[in-house]
C-alpha cells in the first residue's frame, strides 16, 4: 500500500512540475506574441484590441528588415560551416583514439564558459589588427566559435548512440574512411546532424552579447538592432519584431523536424 | 533684431535664387556617396533621418546610413579602428566627448567648414574646436502627481522618507544621468570636488530606490507599470510620458538644473569628411535643429526661433530657465567616474 | 592493425580535428589570451597600459565587497542549478519516455527559449512580474495578496529568470542520456517489486548521472557569467559579478581590471565545477560499491 502511495505522490508531483515547467518556458514567448498584435501604442498587457499595425511597421522598417536578412544569412552560413567542422571533430573524438582527447573536448566546450564580453572584445581587437572589422568575417567567425560546442555535443551524443559495426565492416571491405563516413555514418546520424544544425542556427540567430562588438554599419544583426532599439524606444514594434524572430525560429525548427521526424529531435 | 531678421531673409532669398540653378548644374554634389552615421536608436534616429538626412539627400544626393549602437560599444569600435573608422559621424554626449578626446580619434571642426557653427549659442561649445553641439537634455526630478501627495521640488527631496519604495534613479554607469548627484551635492553645500553630501543623501535614499534604470526606457516602463512614483529622468522623457497621458510633473529645481549636450564629431580618418561637414551644416540649420524639439522636446543649441507650441513643453524655453542651467566640469566629472560608480554600487548594493 | 594503417588513422584523425582546433585556437584562445594578457597591464584605460602587474587581482581580493559578490554569484549559480535539476530532471525524463507525437511540441517548447534573444525573454518577464503584471493580478484575484507587490528587481526574480533561461540545457542533457537507458531496465526493476521511488533512486539516477552532471555544469557556468538578466531584471540592486565585469569593461573602459575580474570568475567557476564533478564521481563510485555489496 505504502508503495502505491509513494508512486501516486511521485506521479502527481511529476505532473505538476511538468505543467509548471512548460508554462514557464513558453509563457514569455507567448506573451510577447500576444502583445505584438495590440492596437494600442504602448506595451501594456493585456492589449486593448487586435491589429496588425506593428507588423506593418516592422516590415516597413528598413533597419529591421535589413537586420533580419543579415541575421538569417549569417545563421545559415554559420550552421553549415559549424556542421562540417563540428562533425569532423566529433567523429574524430568518438571514433579514433589519441592522446589529449579530454583536453580537446574541453577546448570544444570552452566557448560556452568564456564570458561573452571577453570574447567580444578579444575578437574585435584581433580583427582590427587584421584590418577586417568592416567585413562579414568577424560576425561569421564569432558565431561559428559559439556554435561549435552545441554541434560537437549533439553529434557526439548521436555518434555514441549507434554502434560502429557497420563502419568496421565497410573498413574491412577496404572502403576509404571518407567513403565510410559518407555512405554509412552520415545517413545513420542524420537526425543528430540536423538537430545540431538547429542549435547552430539559433545560437547565431539569437546572439547579442558577442555580436554587439562585431557588427558594423552594413551588417547589424536583428538581436543587436533590437537591443539598441529598446535602449531608446519602447513600443509594440519591439514585440512585433521579437515575434517575427520567434516565427522564423519556429519555422526553422519545424522544417528540420519535418525532415527528420519528431521522435528524433534533440 | 529687425535688422537681423531682414538680413537673414534677404540672404535666404538671394541664396535660394542663386542656389536653384546651381544645385541643378551641380547635379547632386554627393550622388553615389554614403555617409555612415552612428545613431542612438529609436525615435531619436528617426528624427535625425527625417530632418537632417532626408532633406540633404534630396538636395545633394547624399545617402545617409544610420546605424543604431550604444555609445560605449561604438567608442570601443572607434578606438579599435582608428585607421578605418566605422562611422563618418560619431555622436557623443558631453561626458563621452571627454572620452573621445582622451582616446584622440576625432578631428577639429572649424567655423569655416561649417558656417552654421556661428549660430551656436555662447557656452554650448564646451570643447574648443572639437565637436558640434546640436541638442541639450537635462536630468531633472519627475514624479507622478497622482501618487505623491507632497510634490518634489529639489534633487534633495528624492531622499525624503515618505518616498520609501517609490523612486528609480539612473544606473551609476550613466555619467550624464548621474548629474542628479551633483545636484544633491550642490544643494547641500557640496560641489563637484566635494560629493560627500550627495553620497550621504543617497545612503538615506537607499530604501526609497526600487531599482536603478539601465536605460531611460526601462525607467519609463517603471512609471507606466506603477513600480515607481518618482525619479530622475531626462526632460524629453518626462514630456513623452505626459504625452502618453501619465500625470507626470517635471521639476525645475530652483538652485539649478543639470544637463548635458549632444555632439556630432568627425573621426580623424573619416572616409567622407566633405559629406560629413555638409551633414553637420544641415544639422545646425533651422530645419535640422527643430527636428528633435518637435519629436522629443529636446533643447536647441543655436539661435533658431522656437515655435510657441513646442517651446511651452521644453525645459530651456526662456532666459530665466536658461539661467538655471549649471555648468559642469566634465573633465573632473569623468575623472571621478570609476570611484563614483564604485561608491554608488557599494552604497546601493551593500 | 598494421603500422601503416595505424599511421594512416592518426593522419585522418588529425585531418578531421584540424579545422576545429585551428578555429578555436585562432579565434578563441588567441583573443581570450590577449584579454588575459591585458589583465596584467599596469593601467586602467583600454589597452593603453604597459608593464606587468598583478595589482588588479590583488585589489579584487583585498576588497571584501568584491569577494562577497563573487561568493553571492556562486550561491546564485548553485541555487539556479539545483532548481534546474529538481524541475528539469523529471521533465527531461518524462520527455524521453513519451511517444513521438506527444514529444514534438514539448520538445519545441523546451528548445524555443534557447533560441530567443535575451531581450525578448526579459521583456516577456517584465509583463509577468510587473506591478500590474500577470502574476500580481493572479495572486490578487485569488486573494493571496491584498495589494500589488514589487516582484521585479529582487533576487528571487533574477533567479527565476535565470532558471527559465538555462533550464533547457538541463532538460536536454537529461533527455539525451535517458533515451540511452533501456526501458527494459525499469521494467525489470518494477518486476522485482521496486516502487517508482526505488527504481528512480537505484536505477535511473545512477545511469543518468553523466547527463545530470553535464546539465548542472552548464547551468552553473552560464548562470555565474550572466550579466544581462541581473542588470535588467535585478534593476542593479542584485549584484552579480557578470554585470560588474560588464560595467568595468563597457562603462569604465577599465579593461585591465575588468579582464582580471573575468578571469577570476572563469578560473573560480572552472575550479568549482571540477571539484563538484570529482566529488560527484567519487560519491557515485562509492554508491556503486554499496550497491554491489
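We call the chains A, B and C, going by the order they appear; numbering starts again at 1 in every chain.
Heads up, the rule we're going with is that a residue touches a chain if its C-beta (ideal position, glycine included) is under 8 Å from a C-beta of that chain, and two chains touch if they have at least 3 such contacts.
Chain by chain, the UniProt names read as follows: A, C = ABC transmembrane type-1 domain-containing protein; B = Extracellular solute-binding protein.
These numbers come from a predicted model, not from an experiment.
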Subject >> If a chain touches subunit A and subunit B alike, it appears here >> reply: C
Subject >> Chain-chain pair with the highest tally of contacting C-beta pairs >> reply: A-C
Subject >> Interchain centroid distance [CA atoms averaged], subunit B/subunit C, Å >> reply: 40
**OP:** State, to the nearest whole Å, the distance from the C-alpha centre of subunit A to the C-alpha centre of subunit C.
**Re:** 16
**OP:** Would you please write down the residue numbers of subunit C that are in contact with two or more other chains?
**Re:** 133, 250
Original post:
Listing for subunit B: what residues touch at least two other chains?
Top reply: 73, 76, 221
Original post:
Which residues of subunit A are in contact with two or more other chains?
Top reply: 43, 121, 125, 230
Subject >> Residue ranges of subunit C in contact with subunit B within the complex >> reply: 44-46, 65, 69, 126, 130-133, 148, 150, 152-153, 231-232, 234-239, 244, 247, 250-254
Original post:
Which residues of subunit B touch subunit C in the complex?
Top reply: 72-73, 75-76, 79, 99, 102-103, 165, 168, 171-173, 209-214, 218, 221, 225-227, 337-338, 341, 345-346, 348-350
Subject >> For the subunit C and subunit A complex, residues of the former touching the latter >> reply: 9-10, 12-13, 16-17, 19-21, 23-24, 27-32, 34-35, 47, 87-88, 90-91, 94, 99-101, 103-104, 106-121, 123-125, 127-128, 133-134, 163-164, 167-168, 171-172, 175-176, 179-180, 193, 195-197, 200, 218, 221-222, 225, 227-228, 242, 245-246, 249-250, 255, 258-259, 262, 265-266, 269-270
Subject >> Of subunit A, residues touching subunit C in the complex >> reply: 3-4, 6-7, 10-11, 13-14, 17-18, 20-22, 24-32, 35, 43, 45, 84-86, 88-89, 91-93, 96, 98, 104, 107-108, 110-119, 121-123, 125-126, 141-142, 144-145, 148, 152, 157, 161, 177, 198-199, 202, 205-206, 208-209, 222-223, 226-227, 230, 238-239, 242, 245-246, 249-250, 253-254, 257, 261-263, 265-266
Original post:
How about subunit B: which of its residues touch subunit A in the complex?
Top reply: 36, 40-45, 65-70, 73, 76-77, 80-81, 83-84, 86-87, 215-217, 220-221, 224, 244
